[in-house]
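Note that chain A is present in both complexes that follow, paired respectively with chain B and with chain C.
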Partner chain A sequence: MSIFEWLLKIDRKYIFLVIGVLVLASFFIPFKMVIKDTVPVKNVYDSIEKMDENSCVLISFDFDPSAEPELLPMSKAIIRQCLRNKVKVVAIALWPQGVGLAENSLTTVAEEIGAKRGKDWVNLGWKVGMFQVVLAIGEDITKTFSKDNAGTPTKNMEIFEKVKNYNDIDLVITLAAGNSPDTWVTFAGTKYKAKIAAGVTAVMAADYYPYLQTKQMIGLVNGLKGAAEYETLVGKPEKAVRGMTPQSAIHIAIILFILLGNIGYFLTKNKK
Partner chain B sequence: MHLSLDPWIWIAAILMIFIYSFLYKDNPFYKFAEHLVVGVSVGYGIALFYQQQFLPIVYTPLTTDFKNNWHLIVPLVLSTFFLFRFIPKVSWMIRWPIAITLGYGAGIAIPLIIQTSLYEQIRFTMLPLFGTDAGMWLTVVNLLIILGVISCLTYFYFSIKHTGVIGTVSKIGIVFLMVGFGTSFGNTVMARVSLLIGRTSFLMTDWLGLPIIK
Partner chain C sequence: MKRTGPLVVCFIFAIIMMVQAFVPHPFSEDFLQLSNNHLMVMSTFALAIGISTFVHLHLTKIRKNGEGWYFSIVALVGMVVTATVGIFGKTEAGTLYDKIFFYIQNPMQSAMFSLLAFFMASAAYRAFRARSFEATLLLLAAIIVMLGRVPIGDLMTGGATSKITEFLFSVPNMAAKRAIMLGVSLGVIATSLKIIFGIERSWLGGTD
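== the complex of A and B ==
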């Protein structure tokens, strides 16, 4: 049996083992990746940087804990940039599990910056219905969410003094692990002409590039790599940037596996 | 090394190891964690729905100000029809709420979806090939987009036999499709690896408190 025949029959447990060891080892190797920003990520960053004080960004937490490693660092970096620039943050969730994740990101960053709930940021929680919620915000956000996640009535909140609907929201960012970017583009972008950006898990990123080309989205933050770019742009490298070394190590390993697998396949195919 | 003393971190770490044990083979620990996550998710969803939706939207308005909110009874009654599917004699009544939901949903969604996913996408494939300020590079990019759209559409056009020119164009379409699949696969690998990195980072920092490189 040649080495390639052996490789083609190798138990996949060994591949998992190699990947596991590589991830563990990468956390202890003092090697920093150079993170260069890409145009879709920079567009989101620039659009917030250009906003005046007291502008408003709506962030929709449309994911659950399974997408946390990719989307939570992204959310923290975006919220940090907004609150630092005194841009108001209104958070909602189209997925029920997104409420707790939003609260985690908002309270962590707000504490660090000294931003106040109800004045600089608010977590409105979850509302049932996907596109119905998106459409209802176009009419009146405080009627759609009469109370915030903590049970405080939204009607008299300082943050909503000048914010009623999409006309007063400068950017909508959907952090999504499902197809909610389609919902936002269709029902907020097309109907109400709201400016949309998305932060998505890498699995689904390829599906949303057409919206960039058509300018239906102003920017796209793609997976952990996008989050690392955003953390770098904001100037506070955290979990996403730390994840780039193991990510690169595993990518090299997987490329090698694919090459070896293909070479082995073609060599053994000729033998057969 | 500073081992965590938080019991919740320990529970999360142990359950995570149970789930990853599936990589070796299926086992009772994995099954336990799998059933637990399904149960907790459903329970959380029901509790959240009851607390944040049913109570403030239906129950409280009906019990505190019935005169101004009596109309809420109509959707409430209609929604209970969904449960009639368990009673064979009246199971046909489930069609009413479904018909209303479908009619309402389709009426709102169809025009907007067509505008978003069809008109706008078609509009942006009508691209200038020459005479742009951006020069040669934009011409190449626009040409690639136009070629990609035409060749992929040709590949999925089955009313003509794929021979001759049509065959050649559809083969070019396959190349574009393969590039698309490759991009999706690459992104999928990146996403799955990101999840592993996130969980490994949790185990090493939050649970075991190991001094990893920052």
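== the complex of A and C ==
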């Protein structure tokens, strides 16, 4: 087998090995990346920055641990910005596993900032149904979630003194690994005129650009790069920014493999 | 009657809900809330069906000594333990339930998904060949987007790749997505009308 034929048929175990080595190596070799923000991410950041104290942001954790590397850093950066600006955070989950992830993000950031559960933030947990839950919040959020994740009744919570439904929620952010942004836009956005933004995995982002153009979504945080942009904007670079080095290395490796495959393809084709 | 009853209920409720969407009267809003509550109760039954199917499937596998039956024991024990801890204990941060989620389920699910990176690299190497004009276009777009979604791409091209990526997302991609969304929506409307008027009856079971 000639070298060109080999280029055409590189065994996948070598590809796996290169990817594995690059991921590991890039964690140990410090490489500072300049992360520039994009318009859809900046729009989400700016809309929270412009909010008055005691405004309210509803964050829906519509993902599970498979999307955690992309969406959890995003959630922490958004929650950090809200709590730092004294914007109240109400978290819910349309996916059952989202409850634990929300609890982790909220307690970590709240501890760091000194925000109080029930006053500055609350994790309402998961409720069965997708659009049914979104519609029910439009009527009364404390009736939809009568207790929070810690089992405390929501009716007399300080955070809900002035928050009843979408009329009192300044922004809804769905952090999604599935099609829940469609549900939020269709039911909360269209029916109740709620302002919607989304944070999604990189593979899903392309699906939501039509909503950006029509302004049915005010912004979009796109994958790990979007999370890194958000962390940079908030001024606390963490996991997403660190993840940019391995992601860069892997993307370059994939591009090189594609180029090698094509070189092999053209040279063997000409030979034939 | 067995088939006519559900068809009549489906027709009546579909018409009522369609009208409800255009009537902002408090009575109409209350009706929406009521039907929504009923839907949430019904969704809970789906959960019950899911659990019973899960238990039945794994118990059958264990009973028949099927391939990997011991994994079924792990699955059942995992479900029973997690559910028991969640139902009888608390679920907030720092509790046993939270620890089970964070130290067992979370790493397992993340690890499974992370394998995708390896398979995607291998699949991209094999699939992206410039065999035709269209394939070349796809290949170029993929390379630009891959570079545009990492900071090193901007470093190499002076910021050009992220701008081209944003253009690809917001213009050609958006146009195609919108066309697909419109097509799908029209299809959903057509199918819904067929169900409402009893033309499409496969949801009742059977073939007619």
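The definition used in the following text is that the second predicted complex is superposed on the first by the 272 of 272 C-alpha atoms of A that agree within 3 Å, B and C clash if a C-alpha of one lies under 4 Å from a C-alpha of the other, contacts with A are read in each partner's own complex, and residues count from 1 in each chain.
In the analysis below, a residue touches a chain if its C-beta (ideal position, glycine included) is under 8 Å from a C-beta of that chain, and two chains touch if they have at least 3 such contacts.
What you see is a predicted model; the values in this text were computed from it and never measured.
In the superposed model, A:M33 lies in contact with chain C only, and not with chain B.
Look at A:F16: by the touch rule set out above, it reaches both chain B and chain C. Residue contacts after overlaying the shared chain place A:A206 against chain B and chain C alike. In the superposition on chain A, A:K239 makes contact with chain B only, not with chain C. Of the two partner chains, chain B is the only one touched by A:K147; chain C is not. Contacts of A:N167 after superposition: neither chain B nor chain C is touched. Residue contacts after overlaying the shared chain place A:Q247 against chain B and chain C alike. By the touch criterion defined above, A:N262 lies against chain C but remains apart from chain B after alignment on the C-alpha atoms of chain A.
Once the two complexes are laid over each other on the shared chain, residue contacts for A:N156 go to neither chain B nor chain C.
16, 19-20, 23, 66, 68-69, 97, 99, 125, 127-128, 135, 202, 205-206, 210, 213, 222-223, 225, 247, 250-251, 254 are the residues of chain A that lie in the contact sets of both chain B and chain C, per the superposition on chain A. Against chain C, the residues of chain A that register as touching in their complex are 10, 12, 15-16, 18-20, 23, 33-36, 38-39, 64-69, 97, 99-100, 103-104, 107, 123, 125, 127-129, 132-133, 135-136, 139, 149-151, 202, 205-207, 209-210, 212-213, 222-223, 225, 228, 244, 247-248, 250-255, 257-258, 260-262, 265-266.
Looking at the complex, you find that chain C touches chain A at residues 29, 32-33, 36-37, 39-40, 43-44, 46-47, 90-94, 98, 101-102, 105-110, 112-114, 117-118, 120-122, 124-126, 128-131, 139, 142-143, 146-147, 149-155, 159, 162, 166, 169-170, 173-174, 177-178, 181. Residues of chain A that touch chain B in their complex: 13, 16, 19-20, 23-24, 27-31, 66, 68-70, 96-97, 99, 125-128, 131, 135, 146-147, 182, 185-187, 189-191, 201-206, 210, 213-216, 222-225, 239, 242-243, 245-247, 250-251, 254.
Within the complex formed with chain A, the chain B residues making contact are 23-24, 41, 44-45, 48-49, 52-53, 56, 105, 108-109, 112-113, 115-117, 120-121, 123-124, 145, 180, 183-184, 187-201, 204, 210, 212-214.
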